[in-house]
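One chain, chain A, links the two complexes that follow: it is found with chain B in the first and with chain C in the second.
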Partner chain A sequence: MGNQKLYKGSLQTIILKLLETNDKMYGYEITQKVKELTKGELKITEGALYPALHKLEADGLLDVEVAKVGNRLRKYYKLTESGTKETANKLDEMQEFLRTMQQLVNPKLSLE
Partner chain B sequence: MKLTENQIEELYKFTRKHYVYHYDVQSELVDHLANDIEEIWVAQPLLTFEQARDLSFKKFGVFGFMDVVEEKQKQMNKRYWKILLRFAKEWFTVPKIILTFVIFLSFFMLLQIQFSEYFFLGLLLILITYEMIAGYKIRKEHKVKEKKEEKIFLLEAMLGTTKNSYTGFAFVNLFNLVNLTRLDFSNLNIYWVFIISIVLTLLCILFYVSNYVIPQKAEELLQETYPEYKIVKNL
Partner chain C sequence: MELSKEQLLQIDNYIFSYGIKYYDVRTEVVDHFANILETKLDKNPDLNLKREIENIHRNFSDRGFSKLLEEKTKAVQSKFYKNSLKHLITFFKLPKIIVTVTLFYVLFLLMNLFDDKENFFVSLYAVLLFIIVRIFYQYRKTKNNQKESFLVLNKTNNFLQMLNFIFICFNSITNFRVEESFLNPIHNNIHLGIFVLLLLFYWSGESVFHQNKKLVKKQYPNVIV
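And now, the complex of A and B:
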């Protein structure tokens, strides 16, 4: 497991990206999906995930749907229209960030 | 192994014990814990329900559910203000704008009469007393609901109680301000009277909207906010 701190600032982007590819997801599903995609390298903590989801919802980027699953209520999140636009922006920002970091950390590689 | 109905109930009680008081926040956490417990049982089938639950809760970190509740509260505050502004805006469209103007004009004229500050203090005192009584009633109702273990949604609680803290504070502050400075409104520059009248008119509208309009529309607003509201209240 790498340094979780390094991932911290990217949590929102990760959530948005996942919802872009998966249409609608619930909280637990998101944590599991991230674990699966990163082969356990990144574990989103529950204490960070839900506040992030609620913030995105407050900003109007996410919409919620509730369904009764078995004997409990499940809350699904999906992107709103402005959420889809914001996802594209955030992903561009992320690419930019990765390029910049690459130049800083490994200048030779970026010269190629 | 799937969780039973009783164990789900236990989880609701567990969130309550950890300072999550509102049903909408509780149910999301319960679903999360339930999923995680079932997952934990796959790997460690010998754990009891309580052991698996505590293991899952630990993942939330030292602050437990606090961060989740805090962010949810912020989100709902935003929503509440949006609702408040939505209804307040109506007062600046025809036909209500006429009434708004009348309120403004009455303040504007009253403030220019001599000793208007005493009239003003009296009015505020009446409003503060009214607010205190109303607030007391609501808190009492709330306690009854809590005792009955009724499912209360976060926004539901806010529609009922937030208004009192906002408008109540505003009134008490105004009262102190006027009382301490003994402001003589009638000798003030007319521009100040103009500005004060605008502020007072706005306060009146906010008071009316948060105390009468929003509580009346509560059911509608809650259904709009919570897709699960209907399912839950019909359970």
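And now, the complex of A and C:
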């Protein structure tokens, strides 16, 4: 497993991107999806995921829907209109960051 | 394998005992724990539930639930303040600025009807006193009517209590106005302006509180709020 600290600053972008692709998701589903997509490379801890989700909700980027599933309630998160716009911005920022890092870490490759 | 109501209650009680008293926060954590347990029970049906709950809790975060609660409280408060402020600002933009101007103007006209301005401000004092009692009554009512405690309502209710405190302070401070001050139109207009601003601030807070209450009722229809 890689250095989890490197992923820490990207958590919000990861959540937004997943919600853009999957319409609505709940906390556990997000952790499992990330694990699946990264083949276990990235494991999001619940202690980091939920505060991030709550922050995005408070910032008006996510909407919440509570549904009864079996014997219990489940909280689903989905993107708001401004959340969709912010996702595009965050993804652009991320691309830019990756390009810059590539130039720093592997200058030869970035020139090609 | 889906967890039974009893097993869910066991998780709920466990999480409650670790300080998550608020229903809106607890339901999400219960669902998370239940999802992990269901996956594990599929692999091993003889799992010791109590021990497994403790394991999930241990892996949750270095600081258990405290960080989650802290961050959620911060998020709820910030959202409430932002929404209240946004609502307050609408009173200074079209079309609601008409309400603000009318309110100030009507009160201004009323003030000028009084020969002794002090009597007019005593009536304003009574209006604020009425709001103070109303906020307190509402606080008690919300607390007693709830089967469960909701973080989103609890924190906004606290804000209204803070507003209550501001009203009490304002009433107390204006009590110190001397007779000559009531003869000064600038002092009277400032007093009136602050009163209108406080009233609109209260209106905004109360409105956002009711929006939150409506949302909670919609999201958790089985729990009385």
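By definition in this document, the second predicted complex is superposed on the first by the 112 of 112 C-alpha atoms of A that agree within 3 Å, B and C clash if a C-alpha of one lies under 4 Å from a C-alpha of the other, contacts with A are read in each partner's own complex, and residues count from 1 in each chain.
Please note the rule applied: a contact is a pair of C-beta atoms (placed from the backbone, for glycine too) under 8 Å apart; a residue touches a chain by one contact, two chains touch by 3 or more.
Predicted model, so just to flag it, every value in this text is computed and none were measured.
Chemist: Output check: A:E20 vs chain B and chain C. Expected answer is one of first, second, both, neither. What do you get?
Modeler: After superposition on chain A, A:E20 lies in contact with neither partner.
Chemist: After the superposition on A, what does A:Y50 contact: first (chain B), second (chain C), both or neither?
Modeler: In the superposed model, A:Y50 contacts both chain B and chain C.
Chemist: When the two structures are overlaid on chain A, which partner does A:K75 contact: first (chain B), second (chain C), both, or neither?
Modeler: both
Chemist: Should A:A58 be classified as contacting the first partner (chain B), the second (chain C), both, or neither?
Modeler: Both partners, chain B and chain C.
Chemist: Which residues would you name on chain A as touching chain B in one complex and chain C in the other?
Modeler: In chain A, residues 26-28, 45-48, 50-51, 54-55, 57-58, 64-66, 69-75 are touched by chain B and also by chain C.
Chemist: State the interface residues of chain B toward chain A in the complex, per the touch definition above.
Modeler: So the residues of chain B touching chain A come out as 2-5, 8, 27-32, 34-36, 39, 59-61, 63-64, 67-68, 70-72, 74-75, 78-79, 226-228, 231-232.
Chemist: Could you pull out which chain A residues touch chain C in their complex?
Modeler: Touching chain C from chain A are residues 26-28, 45-48, 50-51, 54-55, 57-60, 64-66, 69-75.
Chemist: Show which residues of chain C lie in contact with chain A when the two form their complex.
Modeler: Residues of chain C touching chain A: 2-5, 8, 27-32, 34-36, 59-63, 67-68, 71-72, 74-76, 78-79, 82, 219-220.
Chemist: In their shared complex, at which residues does chain A touch chain B?
Modeler: 26-28, 32, 45-48, 50-52, 54-55, 57-58, 64-66, 68-75
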